[in-house]
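What follows is a pair of complexes built around chain A, which joins chain B in one and chain C in the other.
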Partner chain A sequence: MSHSALDSGKAAEGSKPPANPEPDGPTQAPPIRKRRRSFLPYGLIAPAAILELLIHIGPMLLGVWIAFISLTQLNLTNWLNAPFVGLQNFINGLNPESTIGQAFFSTVGRTLLYTILVVGFSWVLGMAGAVFLSSNFKGRALLRTFFLVPYALPAYVGTIAWAFMFNQRDGAVNQILVDTLHLFGDHRPFWLLGENSFGAMVVVNVWQLWPFAFLMLMAALQNVPNDVYEAAAIDGATLWQQFRTITLPMVRPANGVLLMVMSLWTFNQFNIPFVLFGATSPKEATLISPLIYQNSFGSWNFGLGGAMSVLLLIALFIASVFYIRMVLPKGADND
Partner chain B sequence: MKNPLKVLSAFAATAALALSMSGCGGGDTPQASSDTITYWASDQGNSLDDTAAKLKPSLDRFTEKTGVKVKLEVIGWTDLYNRILTAVTSGDGPDVLNIGNTWAVTLQETGAFEPVEGELLNAVGGKDRFLQTSWSTGGAEGKTPTSIPLYGLAYNLYYNTKMFKEAGIEKAPVTWEEFVADAKKLTKDTDGDGKPDQWGFTAAGASVSANSHQAFVRGLQNGGTLFDKDGKPTFDSDPQVQGVKQFVDLMAVDKVMSPSDAELSQGSQKVDNLINGKAAMMFDQSPLKNFAARDFKDWGVAAIPMMTADATGDRATQSHVAGINLSVFKNSKNKANAIKLAAFLTSDEEQVALNKAYSSLPVVSAASKDAAFQTEEVKAKNEALSNHSKPMPLIAKEGQMETLTGTAIKNLFAKAATGTVSEDDIKAALKDANNQMAAAQ
Partner chain C sequence: MIETRKFRILRNVVLTVLSLWVAIPLFVVVSTSIKPLKDVAGLFQWIPREITLAPYFDIWTTVPLAKYFQNSLIITIAATACSVTVAVLAAYAIARLPFKGKRAFSLTVLSTQMFPGILFLLPLYLIFTQIRNITGLQLQGSYLGLIITYMTFTLPFAIWMLSGYFASIPKELEEASMIDGTGRMGALFRVILPVAKPGIIAVAVYSFISAWGEVLFASVLTNESTKTLSLGLKAYASESDVFWNQLMAASVVVSLPVLIGFILVQRHLVAGLSAGAVK
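What follows is the complex of A and B.
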C-alpha cells in the first residue's frame, strides 16, 4: 500500500511544470501532504490492530498449538516442552468408536439443536415484543423497561435465581406447577436432572437472550416509515400481510446480523450450564463448550480440549462465512 | 476488497466468541503488597462466612505476631478444585492455599507448589512433629511432598438418635446388611400421604468428590480397586461395580434415600436433612460444627458399616485418609511471609484452636493430646483414620479419577431419581469413566 503512496507522489512530481514562476509556492507541498495522508489511516488503525493481535489472534494461535501437543499437569508450568503429538488429539476427539469421540459427536448434535431452539424462540419473542411495542399506547415505556430486565440483570445472578426456582423439592417452578396447579399429580419432576435439564437450560437461555433480539429489532423497526404501513392498510393489506411484506423485508439486514450473533453466542454457551449444573452437566444437557471445559480442566487433557476448540472454531468459521456470503443481504455491510 | 474484509471480520468475530469461553475463572486474585499475603482457605465451617469467622482470630494472632496481614478468601468445595486448577494454569494464585489432601499428588505434578524441604520444612518443625498417616498424604511416595497436613478427617456414620429410638433401633448398624435393614425401618411416611417423607439415609448425590470417596471405599470393601498393580484403571471391574451398585441402590433399589438428594451438591445440605429429621443416617467427616451451630444434640456416631463385622485388610476400609493440606504457591512474591503463615497454622497452639473450631483432627502429635480431642466423636474419627483408612490412590491422575468416578455416580443418582438404574447402567457408566481415564493416562 505504501508503494501506491510513493507512486502517487511520483505522479505529482512528474506533473510539475518545468518552469516554475513561484519556486516556494504550493507546487512542492502536495507530494508530502499526500504521503502523510496515506500513512495516517494505518497509524490510526495500528493500536487496534496490535491489541487485536495480542488479545485475540495470539491466544487463538496458542490454542491451535495446544491442540497439537500433549499438555497435561505434568508439563503445564513448562508447556513449551510439552511433546508434539501431531493429529493425535484430533484423532482421539473424532474417533466415533471411542467414548470421547461418541461424546463429542452427540454433544455437537445436541448443541446444534439447542442453538436452533434458543435462537428460534428468542427471535420469535423478540420480534413479537418489538412489533407490539412499535405502536403507541399508554404504558409502552414501562413495558419496554420491563422487557429489558433479563438483559440488564447480570447473567450469573439471573441463572442462579433460575437454579433455585428449578430445584425439585423447594423450587418455585414445582411450587406453581405441582402444588398450585396440580399439573403432574403426585409426581414432582426434576428440572435440573435427566432429560428435563435440556429444556430447563433452553428456558433460561431464551429468558436471557430474547430481550437482546427485542432491542435490536425494535431499533430496526424505528427505521420503517409509518406511511408504508398506512398505504398498505389503505390497499386492504391484513396485519399479517403487512408484517410479511413490509416489516420482515425492511428489517432483513438487522435480522441477518442478529441471527448470526445470537447463533454464535448460543453455540458457545458456557455460563448457563456451568451455573445451573456445576462443573459437570447432566449427560442429556452437555453442550460443546462445557464438554471442552470438562476435557481440559476435569481430565486435565488440554490437548484434547484444544483440539475440540479448534474443530469448533473451524466449524463456526465456515458457518459464518457461508452465512455472510449466502444469507446476508448483499448490501448489508453498506447499511 | 469487500470479500476479504467480510471473511476477516467473520474470522475475528468467530475467534473472539470461540475464545471468550476460555475466559472463565481466574484473573481476580488480589495483588498482595509486601506486608500482605493472600490465603485461600477451604470451607471448614457451616458456611463460607462461618469458616472465615472461625479463622479470623488465628489470622489476627498471626498479624500481631509477625506484622504480616492476610487477605483471606474462603472457597466452597464445589469451586475449590477448579479455582486451584485455574491458579495453576495461569500461574497467578494466592501465596498460601488449602488443598484436599487427595489432590496432593496431582497438584504436586504440576510443579506449581513449593517443595516441603529446606526453609519451609524447618519452619514447620520437621516431619516428625506430624502424625505420619497425615504426613504421607503430602505427595507421591518417594518424592519431596509439596503440601503440609493442616486438618485431619475421616468418614464416620452419624445418626439421629431420636429417630433411632422411635424406630426401635438400639444400636448403630455394623454390617452393610444391617445398615440397609435399619435404613428401611427408618424410611417412613409420617403424614399419611402414601409417600415417604422421612428417609433412612441421606447423601449429597451431586457431590463429585464425596461420590468418588464412596467409589473407593465401597470398591475396597467388595474386594476391588480403582487401579490394578500396573496402574491401569479398573473402575468397571466386577467388585467395583458391585461397590458402586450398593451405594446407588440406596436410592434406586432399597428406596431409603430421597430422590431429591440427587440434586444436593453440598455436604452441609445432607447435614440439614439429619438435623431437620428428614433423614436418619449419613456418612460425614466433620458435621459437629453444624450440629453445634444449630444446637442439635440428638446425634450419635459409629463406624461406617463393613460387609462383615470381622472384615480385615482392604475389606475393612471405612474411609480414605481424609484431610486438608496446605501448600505454598511457587509463584508467591512473598514466599518468606507465606512460609511464616504455614508454620503458624501448623503450630501446636493453632492446631488446637483451629481443629477445635472445625471439629477436625489435629495433624501434629502434641496437639492431638489436648483435652478437646478426647471426646467420643473424635475417638471414633481417630479409630477410623488410624485403623480403617487407606489413602486414595497416590497417583498423578488422582484428580481426574475423582472427577470421572464421582461424575459417573452423580449421573447414576440422577438416573435413579428420574427413572430406574440397572446393573448394566452402572457397568456402562463406570466403563465410560474407565475409558476416559485410560485415554487421559
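What follows is the complex of A and C.
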C-alpha cells in the first residue's frame, strides 16, 4: 500500500521542480513553508475544536449556570429569564439535614460502593479469563471471541435479558437458586424490588463490564514471554507464586488506566438501572446519574439536578486530573 | 503460565464457569425467542417444549420495529461518520504536528470523554429550546438533535483512539512521501489513511456500537417518529401483556448487526484500545 503511494508521489515529481513542491512562488519558499506549518495544525483541529465548544464546553458552562437559577417546568421554554437565586439550589437540595440532601449523600456513598463492587468483580473475572486464555489450546480463539459478546451487545439487550431472568418470581434466577440449589427454602425472593435490587444491578453490570477487563488484561499479558514462567517453574514456584510474582507485576502498568476507566464508566452508569427499573430506581438502588435524571426530568426540579450536576462535575474533574496523568506521557507536547 | 496438570485442571474449571456465566443469559434470550407466548409466563423452562419462529415474524407488526431500526440506523451512521471524519484530522494533528495549545486541546478531549451524558443532557435541551425560540428549528425530537448529542460521546473517543493509531504508524512513511513531493496533507490522505484503514474502521464500528446502545439522550430527545431501538423495545413490555418471546426475538435482531461488526474488527479494536486507552 505504502509502495504505490510512494510511487505516485515520485511520478508527480516530474512535473514540478523537486526542490519546491509547493505551488507558491519559489522565491519566498522558506518563510511560506514555515508559516504553513504553523497554521496547518489549527486548520486540522478547527472542526473538532468548534464541535468540542458546541457540544461539551458550552453545555458544561450552561450546566453550571443552571445550578444558580430557579429553573422549573414553568419557565423551561423561557429559561433565559429564569431568576438568579445564587446558592439557593445548593442550600435547599444538598443540606445534609434535609431529606433531599440525605438522599443525595447516601446516593453518592451507594454509587461509590457500587463502583468498587462492580470494578472489583469485573477485574477478578477478567484476570481469570486472561490468565487461562493466554495459554495455547484448542478452541482458544473461539472462547476469546465468545467472552467478548456481553461487551459488544447493546447495553439494553443484556439488561433486558437479565431483567427477564430476575423479573418473575418464577424466572431463571429463582429457578437456579431456589429450585436447584434450595438456597432460600420455600421463599422466592424478588430481585428487582427493595434491597435485592442493588445486588441484581451489580450482577448485570459485572456481566457487561468484565469482558473489557478481560480484553485489556489479555493484551497486557501477551507481552510476558513464556520462558519467564519456565524459569520460575524450574525454580519450583507454584502456580500461585508465578501469578503473584510474574503476572501481577506485568499487568501493573495497564492496571492503573484500566481500573480508572472502568470506575468512571461504572460511577456514571445510567443505562442499566434505567432499563432494569424504569425511570425511577428503587431507593435502595439509586445511583447518581439516575438521581440527577429523576430530579430533572422526573420531578422537574432542574435547579436541584443542576446543583448535583455541578458537584458531580467537580468530582469528575478531580478524577480526570489523575486519569490524564496516567494516560498522557510527560512531554507529550514535544513530539 | 506453564501447562502443568494442575494448571490444565484449573483452566478447565475456570473457563467452564466463565463460559456458563456468559452463556446463560444469551441462552435465555435465544430460547425464549423461539417459544410460543403461552410457554413464556410461569416457571422458566430451559428446554423449549415447543419451538416456533413466529416471534421473529410478529415483532415487526406488534410495534413499528422497522421504523425504530431505520431511526437508529440514520442517527448512528450519521453520528459515526461525522465523528470519524472530524476526528481523523484532529487526531493526525495531535499525533504528528507540534502546535501551541496542543496539550490543552488533548486534555479537553480526554476529560470530556469521561463525563457522563447526564451532565450534557439538560444544557443541550435548553440550548435546543433557545434555538427553536429564535429560529423555529425544532431540534428536540429531530434526527439532527440526536446526532449532535450522540457526538458528545463518539467524537472524543474517536479522536483519542485515532491519535493512538496514527502515533503507532512509523513517521518514515510520510517523510518519504513528503520528500517525494506530496506535502503534509498529501501524505495524510495518500499514505497514512490507507495504512490506518483497519484502525479507522475499528473506531467507526466501536462508535457505532456505543451509539446503537444509547438510552439516556434517546429517552428525552426522541418523539414517536424518531424513537430509536433502545426505547422502542420497551413497547413489547409496556402493555398489560408482556410479549417476552417477541422482546427476546427483537433483542436478537437488533444485536446481530453490532455483534457481527464487533467480531469482524475485534482484533484491530484490541490493538487500538490497548494502544490508545491503556499504555
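Here are some notes:
Keep in mind that, in the parts below, the second predicted complex is superposed on the first by the 279 of 335 C-alpha atoms of A that agree within 3 Å, B and C clash if a C-alpha of one lies under 4 Å from a C-alpha of the other, contacts with A are read in each partner's own complex, and residues count from 1 in each chain.
Here is the rule we use: a contact is a pair of C-beta atoms (placed from the backbone, for glycine too) under 8 Å apart; a residue touches a chain by one contact, two chains touch by 3 or more.
Just so it is clear, the structure is predicted and the values come from calculations on it, not from any experiment.
Residue contacts after overlaying the shared chain place A:N268 against chain B and chain C alike. Of the two partner chains, chain B is the only one that A:Q73 touches; chain C does not reach it.
Once chain A of one complex is fitted onto chain A of the other, the partner contacts of A:Y114 are absent, as it touches neither chain B nor chain C.
With both structures placed on the common chain, the touch criterion links A:L192 to chain B but leaves chain C unconnected.
Look at A:Y156: by the touch rule set out above, it reaches chain C but stays clear of chain B. Contacts of A:W300 after superposition: chain B is touched, whereas chain C is not reached. When the two complexes are overlaid on their common chain A, residue A:P282 makes contact with chain B while staying clear of chain C. Looking at the shared chain after the overlay, A:A48 reaches chain C, while chain B stays out of its contact range.
Measured by the number of chain A residues touched, the leading partner among chain B and chain C is C.
Look at A:F104: by the touch rule set out above, it reaches neither chain B nor chain C.
Common to the chain B-facing and chain C-facing surfaces of chain A are residues 52, 56-57, 59-60, 63, 76-78, 168, 261, 264, 268, 270-271, 274, 279, 289, 292-293, 297, 309, 312-313, 316-317, 320, 324, 333.
Of all residues in chain B, only 2-3, 5-7, 10-22, 24, 78, 82, 85-86, 88-89, 91, 106-107, 109-112, 194-195, 206, 208, 259-260, 262-263, 265, 396-397, 399-400, 403-404, 407, 410-411, 414-415, 417-419, 432, 435-436, 439-440 touch chain A in the complex they form.
Contact residues of chain A toward chain C in the complex are 1-2, 5-6, 8-10, 12-13, 16, 18, 21-22, 37-38, 40-42, 44-45, 47-49, 51-52, 54-60, 62-63, 66, 76-80, 125, 128-129, 131-135, 137, 143, 145-150, 152-158, 160-162, 164-165, 168, 170-172, 175, 207, 215-216, 218-220, 226, 229-230, 232-233, 239, 242-243, 247, 253-254, 257-258, 261, 264, 268, 270-271, 274-275, 279, 289, 292-293, 296-297, 302, 305-306, 309, 312-313, 316-317, 319-320, 323-324, 327-329, 332-335. Contacts from chain A toward chain B in the complex involve residues 52, 56-57, 59-60, 63, 72-74, 76-78, 92, 98-100, 167-169, 186, 190, 192-196, 261, 264-265, 268, 270-271, 274, 278-280, 282-283, 289, 292-294, 297-301, 304, 309, 312-313, 316-317, 320-321, 324-325, 333. Here chain C touches chain A in the complex through residues 1-4, 6-7, 10-11, 14-15, 18-19, 21-26, 28-29, 32, 41-44, 46, 86-87, 89-90, 92-94, 97-99, 102-103, 105-112, 114-124, 126-127, 129-130, 133, 148-149, 151-152, 155-156, 159, 173, 176-177, 180-186, 190-191, 194-195, 209, 212-213, 215-216, 219-220, 229-230, 233, 244, 247-248, 251, 254-255, 258-259, 262-263, 266, 270-271, 273-274, 277-279, going by the rule given at the top.
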